[in-house]
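In what follows, structures are represented as structure tokens.
What follows is a pair of complexes built around chain A, which joins chain B in one and chain C in the other.
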Partner chain A sequence: MMELQIQTRDMFAFLHLDPRTKLYLLIVGNVALFLAPSLLYEVVLVACIVILGVLAGAKRFTVKMAIVYAGMVVLHMIGTCHLVGTLQVVIVTFTVFIRKIFPCAMLGGILVSTTRVNEFMAAMNRIHMPKAMIIPMTVMIRYFPMVHEDYCYINDAMCMRDVGPTFTSLLTHPIRTVECIYVPMMMSALKVADELSAAAVTRGLENPKPRTCIAEIHFQITDVLCGVLFTLFLAGSIWVKLKGGAG
Partner chain B sequence: MYNSQQIKKGLSVRDLITTGILAALYMVCAMIGEAIFGFFPVLTFLCPLSIALLCGPVYMLILAKIPKHGPIIVTGILVGGVLFVLGMYWSMCLAYCILGVAADLLAGSGKFRSKGRNLVSYMIFVISPVFSYGMLWFDRDSYVKYLVEKGTEPAYMDTMVSTAQNWMLPAMIIGVLICAVISGLLGQKLLKKHFEKAGIV
Partner chain C sequence: MIHFEKVSFTYQGVMLKGGLHNIDLTIQKGECVLLCGRSGCGKTTLTRLVNGLIPYFYPGELTGATYVDEKNIQTIPIYEIAKRVGSVFQNPRTQFFNVDTDSEIAFGMENLSYPKEKMKRCIKKTMEELGINNLIGRSIFELSGGEKQKVAFASIYALSPDVYLLDEPSSNLDMDAIEELRCTLELLKKQGKTILIAEHRIYYLRELADHIVYMENGTVSRIFSTQQFLSLSDHQRHKMGLRALKLSDVHPGILPSEKQRPILDIKDLSLYYKKKLILSNLKLKAAPGEIVGIIGHNGAGKTTFSRTLCGLHRNYTGTISWKDKKQNAKDRLKRSYMVMQDVNYQLFAETVEKECCFGLKHPDLDAVKQAMERLGIYEYRTDHPNTLSGGQKQRVAVAVSMICEKEILIFDEPTSGLDYESMIRVSKLLKTLSEMGKVIFVVTHDYEFLTTACTRIIHLDDGRLQEDYDLISDNLHRLHEFFLRSERRRSFEANGE
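After this line comes the complex of A and B, so read on.
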């Protein structure tokens, strides 16, 4: 299980949030973005997310995402002000779609990469999530990076046997290429599942008693601050929406 | 191999872990499907088709590996949840949860062994991505208003809205169903050819 964990840099993190707060922030941030009344509002929200990301320790990821977002906003501005006709419609539609999706992906990425597996499971236990949800969720989050790794190995093996997944082979032998990717991929997934469940059962995951955790999970003042900040944001967007609807 | 007693007991830890891993694989396939067309503005409407085309084998593997009630529901909720975290529209995430339950019940009515019912259950499950584009139709007025306010010519918008969008929703659903049949059949064939022979499922 250790190999599946994403590296976290705790020593640079000023902000250590409770996983439950993170879940709350995600939901509130998502809804707020969905209701976002103006571009300015969105930019301020993203600025908050960036600050949160830097404080929580996921610096490189946050900065990268922020640059892409800034580029997107600039593209949007250019699209609305300086272009005409079909090109404008295409670009504005595209940037509006992306802008609705991007900040949430950013928030999600920051929060997932700064959460440890055991903390996450403890917090999920605390909010009485059923075991049938917690276990697949944890496994899933940690298996994502492995999929890419597996694919690289499969790719190497395929190139060695001259059935490499290139564009031409996809056109000339579509079925064979697809088969050569899917079958090893699913085989290795099943093998990992077997190994993981053996490891998990050995460590007592089937124990019906409540789970204990060495890392303490409790709310701190920073949790309250972040929660209140994002809730205010949401309230603001609803208020603007209602006012706009009445007037 | 499962005997009847184990089926009655419900999902074991082993089943849950397998579900989690296969759900991750499903998610990756769906994301690749999204990435193929998602970056091009107009072709974005083809996303549900490519998703339907890619996910079939994994779905069939879930059904074959864990022939019980539950894994498809869990997969639906997980995929919907992750997509929600990634900022997709809530309508799509809700659709994944609800259609997951429907697909699970349908596949269960054939004891998860009936090929036809498994195929239909996949066709139901994979319609969910269409719902994210459904927002364009349900909430069209505000979308159009937004674009017009930003300076798009109203005449152009009118023609685009009235001609393209009305036939596109049914066309998209039909396209998804066709892709789902192709992908599901391919998945079942792969399972028969490789996994059943090796005694894995």
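After this line comes the complex of A and C, so read on.
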């Protein structure tokens, strides 16, 4: 089973982006991926995301995701060139679907795992996002790395009951396997969200006065570069789409 | 000063336990007050009234008034209360809002709009005074439970509130961390802070607490001075459902002397975690019916050892045999079962009965019924496991292990956050399993539980098996040695002064 360890330290990060830039990249990147006119275009865009991930400090996560993505691309090419009939349809549909989802998840994972919670809150305050939206988003960011911890425990528990989440069990008992992960995960999430909120509320999270932040947040030249790069990708895919539509 | 005036409270909805009836209580400034009593007696609820979580976060029916420094808590917003009252909760894992220590300590100050310079000054001061300079700039995922608790404390301390509330702060801590928690509380007391602690494990507070408030069914049933409290007899204390006051007062029960032939044989076991050697050359034999307590400090490899025994951790060298047959990881997964500290992770189905049959191709319904009856959960068979209490969930997990005919059982901290009676119930459960001929391992930091339940102790530390002995009265001093070390060190220091 693949282990999706998301790094939380940014000690070795070369690239430290402002959370506002990250939010922008996430939106623009996803739209650009969705509209990507060709496989090559998409692969180049994904390569940029991989570079971004490595520079931002989420190395292990990015590399693992990139390997899976590469596998999907290869499978897709084999599917289109060397297979015929139903099998081709199944393989191609499957890989196209995964190929669209995967880079989005990768981009999201990179950006979330390299963002400090307090920086994110400060940045969202700057763009005057209402508190009612910031707090749930922050709890979400905070919960992501915990999913991994929870998953490890659940995986252990499943193995001891002989219903472990292996490849075969996913094929023979797909619903049971998903349920086994999902049910305890939900229960844990509910409990964690509740306790986390209680702990935050008793430390004045809901103070209406503007929050201060111990870390500096401001735009740097790298923010501008990344923003421009992703905007160009988006513009490119829209342009090709429009031209294709007209011609 | 904290003052409760005729306070009654009932939780809204499904959470019916833990309400309060007509509480009148005054806590003077600078006092340290311990709230104790059985699970569900309302001690946590009382702390929630002071930090404003009731009625703001936990709605319900509230009458009467709670005052902190002459101000009615219910009339001021919860972020204002945060300046006066700081709260530390039970689970260190879920009270972190950030993922790195520095931001976490700053969290409360950021919320209260402290200017940056002041924040930096406060963080530095906090870290020095609490002695946690070694925790600067760490990710919370690499901290131990005790370290997390310290950072959670620091985050409150930085705001310097007058009142500290602690809700079962020791339940996830090991012996050394509890001792450090005690030192922190001592520091706060010296600074003249008011401290209110709801707790089951009370031995570490016996010299700190000025008053002990004993609660029963949502009312304050008695208030003891420290002297009165310490002079309670064991019998009275057990009747009140309270844990031991002094570790040296706990005595082991009488153990069955005849031992069977060893059935589990571990030879030259070395455990690795990502190439790092965790535990080397462990040799161990265990017979059916033995209840083996595993003790050791954080990071001694207790968890890795139990996961290896279950077949979950595969990075090891050496052999593990059962009835002289070598067992690989898969064989061990079939033969063994771990009851986790957070048992919620291992319950999957929508009723207790379905849970017991879960994942089995041909469940033996008679065996299922028998197991449920034996563990006293038959009457709950149509209930959802999540509606049960912690102890009942634990028994559901044990029922599963009985139905799957597991022969090696491992319990990970089965008594964290349990009162005296629930602890005794767990130890009886272990005895039942032992009579069935299971080999049982218990990883725990709970001295009182070890002495009531276990027949043998193995001590892991510094990467190897330090001690292995039967828990009979001749050997009791060895267990004392391990557990009372931190306590005794302190009393030596006190005498020296």
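Note that the second predicted complex is superposed on the first by the 183 of 247 C-alpha atoms of A that agree within 3 Å, B and C clash if a C-alpha of one lies under 4 Å from a C-alpha of the other, contacts with A are read in each partner's own complex, and residues count from 1 in each chain.
The definition used in the following text is that contacts are C-beta pairs under 8 Å (C-beta built on N, C-alpha and C of every residue); 3 or more make two chains touch, one makes a residue touch a chain.
Quantities reported herein were computed from a predicted structural model and do not represent experimental measurements.
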First, second, both or neither for A:140, with chain B first and chain C second: first
First, second, both or neither for A:229, with chain B first and chain C second: neither
Contacts of A:197 with chain B and chain C, given as first, second, both or neither: both
Partner chain in contact with A:183 - chain B first, chain C second, else both or neither: both
First, second, both or neither for A:75, with chain B first and chain C second: neither
Partner chain in contact with A:33 - chain B first, chain C second, else both or neither: first
First, second, both or neither for A:205, with chain B first and chain C second: both
Partner chain in contact with A:215 - chain B first, chain C second, else both or neither: second
Contacts of A:117 with chain B and chain C, given as first, second, both or neither: second
Set intersection of chain A contacts, chain C complex versus chain B complex: 138, 179, 183, 187, 192, 196-197, 200-201, 205-206
Residues of chain A defined as touching chain C within the complex: 8-9, 116-118, 121-122, 138, 142, 145-146, 149-150, 153-154, 156-157, 159-163, 176, 179-180, 183-184, 187-188, 191-192, 195-215
Chain A contact footprint on chain B (complex, rising order): 11-14, 16-25, 27-28, 41-42, 44, 57-58, 61, 65, 70, 74-75, 77-78, 81-82, 84-90, 146-147, 150-153, 156-157, 160, 186, 190, 194-195, 200
In the complex with chain A, residue positions of chain C that touch it: 51-53, 56-57, 77-79, 81-83, 85-87, 89, 91, 93-100, 102-103, 106-116, 119-120, 123, 139-141, 152, 155-156, 159, 307, 310-312, 333-334, 336-338, 340, 342, 344-348, 358-359, 386, 400, 404
Interfacial residue positions of chain A with respect to chain B in the complex: 26, 30, 33-34, 80, 85-86, 88-94, 96-97, 100-105, 108, 112, 131-133, 135-140, 143-144, 147, 175, 178-179, 182-183, 185-187, 189-190, 192-194, 196-197, 200-201, 205-206
